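The two complexes that follow have subunit A in common; it is paired with subunit B in the first and with subunit C in the second.
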Partner chain A sequence: MSSNNWKRILLDKGTSPLFLTPALIIFLVLLVGPFVYMVSLSFTDLSFSQPGRDGNFLGFANYRKLMRDDPIFWESFLTTIKFVFAAVGLEFLFGLGLALLLFHLIRGQRFIVTLILMPMMMAPVAIGLMWKLLLNGEFGMLTYYLRKIALMAPQTAPLSSYKLVLWTMVVIDVWEWTPFVTLVILAGLMSLPREPFEAAIMDGASPLRVFWDVTLPLLRPIIALVMLLRGIDAFKEFDKVFILTGGGPGTATELLSIYTWRINFRNWDFGYGSVVAFMVYLVVLIMCSVFYKGITWKRGIEELRA
Partner chain B sequence: MKGFTVTTNKKWFHTSTIVCGLAIMVLIVYGQAQAWDLKEAAKPYKGDTIRTIGEALPPLEALDKIKTKFTELTGIKVVVEQYAHEEAVDKVMLDLNARTGRYDFIIQPHRELGRFAENKHVVPLERFMNDPKLKDPDFHPEKELYVNLWKEISWYAGKPYGFPFTAITMFLWYRVDLVNDPKERAGFKAKFGYDLKAPQNWKEYKDMAQWFTRPDKGFYGTAIQGKRHVALWYEWLNFLYSFGGDVLEADKGYKYGPIIINSPEGIASLDYYKGLLKYSPSDTLNYDWDGAMAAMQQARIFECIMWNDATYAVEDPKQSTVAGRMGFGMVPQGKGGKVGQVEGWTYLIPRYSKHKEAAYLFIQWALKYPNQLEQHLNGGASPRPDVYAHPHVKKLTYSQAAMDTNSAALPKATFPESPQMTDIIVLALSDALAGKKSSKEALDWAALEIHKLLGDKAPLKYPVK
Partner chain C sequence: MSKAWRNVGMGVIIIVIIIALTPYIWMLLTSLKLRIDALASVPKWMFPPTGEHYPTVFIDKGYLPLLSNSIIVALSSTLLSLLVGVPASYVFARNRFAGKEDLFFFFLTTRMAPAISVVVPMFLIFGKLGLVDTYYAVVLAHSSFNLSLVVWMMRGFFEEIPQEIDEAAQMDGNTKAGTFFRILLPLAAPGISATAVLCFILSWNELLYAMILTAFESRTLTVGIPGLVQPHGTLWGQVAAVAVVATLPIIIFTFFVQKHLVRGLTFGAIKG
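So, the complex of A and B:
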């Protein structure tokens, strides 16, 4: 019997689900299970620190507290939104610009791409510590030059200033992740078909017009994908902020991830902490569906036309 | 010869009975003392390995150095895990709740004691202290330790749960070489009208901070531990207590009481504390204890309020550029008198420990005078007053300040909600330092949040509008 026939028999006998089982088990145990457990905890008062709070059922009390009586959560939510929009927006702009530049710069492209990928390859903790030194108020090299060119007042330190600190975090994130955006968009540019570009040029379109009407629409799924990945990642940002500021000064850099950590692992309040974590999940889910729409939007229009 | 009868020799008989009784008692006590021997007591546990965890600082490093002597004596191996402050606390919390019994004894800050004791994660020590097989008759904690400190950091609701690992307080660090510099003295006197010396009160502390602030030379009067971190709370408590304020009106750490954090004294202390920002390095709001200590070790500040278990590091020429040029004293005096805040790390035995008895033997051994002396001289902060009387310890420049503060240190909350209360206060202080809120707004907010956390157990003494 030929191997093709064997394959057919195996499939016909319903063995394919058997091969899927290990992956399904891993998915259920490592993703679905913990998620369901987290949601179930969010209806309880479980706390590691308070005696008597052993996971008694509370109904929606934790959710009500979050909605009505937790201004710090909402402040933190707003801070996170600011951070995500600013960081991902700038990463997209710089990433697209760099990718276009590299795409047209044929010579030395590989070397430059390798070079600019370096920040992305570093461990977040190492990045945090490196920037901590660079931005030190007394002997930080960057602080010194920023003061030298009068971009910063002499007694100001970027990580201690309530006004500057969030934007400093944005700058560090942009520095770390722009290479990733560049790489993905560059890969997208390389995979685009030549014909639409040739047709546009033959029709006499200016380079700006080609970019606007041909390059960008063709890149849309790639851009949506990279923005989705970066958006999710930025929303969960923790390491750098934890190392550099611990969420302060005040609540200036208290992103939702830091707040969630504080409730769960400083206060050991897992009941309420689960609600906060669930909200983070919900926001990421909404973000995913919005970007997924962005990816599939063009395909949908085409299918409609067909 | 007249026959011996009780009646005829009544006096002699009584005397000899008393003498014999006393002799028997002495023999029993002496015999017991002789009978108890660590090696014998540890025999059943020979070959066991006991594991502990604590903060990676000189006191624990010193314990790590002397532990081999215990192993040589008893055959019990001791493993000491050292982590940064918060990591050491988190790991213990997870281990206790997971009930794995990884640690046979733990060394933890006493602010955590309430939640360990109330959740029955740790066992009271009475059963070991009263067990003749384990109790060293030569060890008398009630006489040999700072009793107030022991009761504050290792007792909860009237029961002993542990023994102090360290007697840690915060006190004044200043540059004595600058105080003695004739040029500085003359300049200071001309400006402020009194002699430059170790600051005794908060006015002098601020005057000196102002005098030594020279940003063009990268030198500042002081540094505050302004990062949003537990260090901020610890440091500010010194100011709060010294200004005559407190967080709650309660005489014991495990007791609740009216909230007084937003009292006029509390607000004044925070106003003063904020006022020190202008005499501190520009990134002082990103300093925890390590940041402030590094600023002193690098000779970038004149004075600060710092921990006594870090003094060893600032006086070590291998780690510090100012070793031998430092002065130490009690926290400057305010309306609340000469006070300090005590924060001991305490030995505790988890309920899930698999080698409780061996752990108790080690703790008891570690607290004996020769071991405490050795640990102290290697960077410890002994809870035994007799250690501070040793000539070698007396020679340490910070011994007097440590002793003075130990005897005047005020307690802090240890009930189970205390870490959450601390978190609230840290945020309020950080908001105030960042300029987001005034001192009153920040402390009023903290008072309300603490009231929400503790409910009727802690009413507001100073109502918030």
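So, the complex of A and C:
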């Protein structure tokens, strides 16, 4: 067989493996490797700040510590859950409302939609700084107006009040991510078939009934997906809160990601820190597999329809 | 819908736009204010503008290299992700093989993986390899999430190109690889450019990996910004100036990719 033929075989049959392998290698090296290393570290006492703790095997001691002797971890877990549910819940309500409004009034005219989208495209660091500036206790523009219209008592500052600060983070997250929910639901609305709506209107259904009995059920898969995506991202939230409060005052806004950061990169305790990091990973993996099921579920629905 | 309700609705939309943009505009204004105006206890909307903060922070305080670091890191990670990811996505779009969807899901989890968890072992590994505070470390870390974005988005774009085109090209004597490079890549070019822009944005905006994997030499702009914020006496004009520079390219890019945003941000789950 001539060399030309071999080349041809390589370029035909060999293409798929050749195309796929580099991506697989990068994934193995960048994600599977570190993941395995993290899990193995979680059984050790590796620390950069204490002498003698250079990676000795501990068995499950770190895990026992997490379960029994670390109330701050669980407090942080609870803070994260509160943050996720409050933020994602509000984003859903506002996002759905706004999407419906945009759909009926401007049919998703791109320029206006893009203006509304801006918050979610900017660097979260910049967003953190923007809001730090707006909410400063002495010269913050928003603080000034909030006090002026008496929504907030003088002297209270949204970022240093222990009671308010987590909800301030929620508000900022809602500001940043409602556009995302809006965008996705709007895309969903525009892709819906018209017939069910026409049939419902022919039957004399009121707009509210149409919304409740036709629109919402048709949108359900998309709503589920966008909520789950937002849930995963909110659970991982780090940048904004890190810039705005660093987890404080006290531990009022110490989300799991901030706590993980503190144990690893402030206390330099990589043994115990790996357990915490592993836990965060685990929760995200679980949410991810639900997301995956959601996608296959949605594909199934689409195939049924086609 | 009656005219009155229409007007109310339009009013709400306008208010939403104002809410979405005001924080940004306020920061833009702050970057142009003298210190005394920036710290005024009654917010100042009108003031004598100054451009001094921009040269002060970028030239005198040496933030210019951070800007170029950001560009280098974002471009490299975008390029690497496209180079490796586009061919892989083509295989996912066209081939059938056992476990394909599971492998695809595996690619998704890598995008979803919490940075704070991944960065812990990464920091230790890159440290042992002597790569911390080099471009390699950040570029590779950013490629870990950008690569899966590429695979996810491009699979959708390739699936939209009819299979008949591949078949016709191969009938004409093209190899499979030849078909991909000569016929399909040009057809997928709009999708590739949208994907590239999204990759660039994600890398440009990223903080956590960049903050932990760089120290000084390869610090990106997002890592440098927090350093300007002091417990007391923050020079807000300068902070705002850096933040404006860090967000301006993104705003421009967003208008370029607006058509593909939904798909990019939902990993192709919703076509938009």
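In this section, the second predicted complex is superposed on the first by the 266 of 306 C-alpha atoms of A that agree within 3 Å, B and C clash if a C-alpha of one lies under 4 Å from a C-alpha of the other, contacts with A are read in each partner's own complex, and residues count from 1 in each chain.
What we mean here is this: a residue touches a chain if its C-beta (ideal position, glycine included) is under 8 Å from a C-beta of that chain, and two chains touch if they have at least 3 such contacts.
Owing to the predicted nature of the structure, the values given are computational and were not obtained by experimental measurement.
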{"item": "Chain touching more of subunit A, residue-wise (subunit B, subunit C)", "value": "C"}
{"item": "Touching partner for A:119 - first (subunit B), second (subunit C), both, neither", "value": "second"}
{"item": "Partner chain(s) touched by A:265 [first = subunit B, second = subunit C, both, neither]", "value": "both"}
{"item": "Partner chain(s) touched by A:34 [first = subunit B, second = subunit C, both, neither]", "value": "second"}
{"item": "Touched partner set for A:206, first subunit B, second subunit C, both or neither", "value": "neither"}
{"item": "Touching partner for A:245 - first (subunit B), second (subunit C), both, neither", "value": "first"}
{"item": "Partner chain(s) touched by A:138 [first = subunit B, second = subunit C, both, neither]", "value": "both"}
{"item": "Partner chain in contact with A:157 - subunit B first, subunit C second, else both or neither", "value": "first"}
{"item": "Intersection of the subunit A residues that touch subunit B with those that touch subunit C", "value": "138-139, 265"}
{"item": "Of subunit B, residues touching subunit A in the complex", "value": "90, 93, 97, 115, 118-119, 215, 218, 226-229, 281-286, 300, 416-417, 419-420, 423, 427, 430-431, 433-437"}
{"item": "List of subunit C residues in touch with subunit A within their complex", "value": "1, 6, 9-10, 12-13, 16-17, 19-21, 23-24, 26-27, 30, 38-43, 83-85, 87-88, 90-91, 95, 97, 101, 105-110, 112-118, 120-125, 140-141, 143-144, 147-148, 151, 175-178, 180, 201, 204-205, 207-208, 212, 222, 225-226, 229, 236, 239-240, 243, 246-247, 250-251, 253-255, 258-259, 261-262, 265-266, 269-272"}
{"item": "Interfacial residue positions of subunit A with respect to subunit C in the complex", "value": "8, 11-13, 15-16, 18-20, 22-24, 26-27, 30-31, 33-35, 37-38, 41, 98, 101-102, 104-106, 110, 112-119, 121-127, 129-134, 138-139, 141, 144-145, 175, 179-180, 183-184, 187-188, 191, 222, 225-226, 229, 232, 235-236, 238-239, 242-243, 257, 260-261, 264-265, 270, 273-274, 277-278, 280-281, 284-285, 287-289, 291-292, 294-296, 298"}
{"item": "In the complex with subunit B, residue positions of subunit A that touch it", "value": "48-51, 72, 136-139, 154-157, 159-160, 162, 244-252, 262, 265-269"}
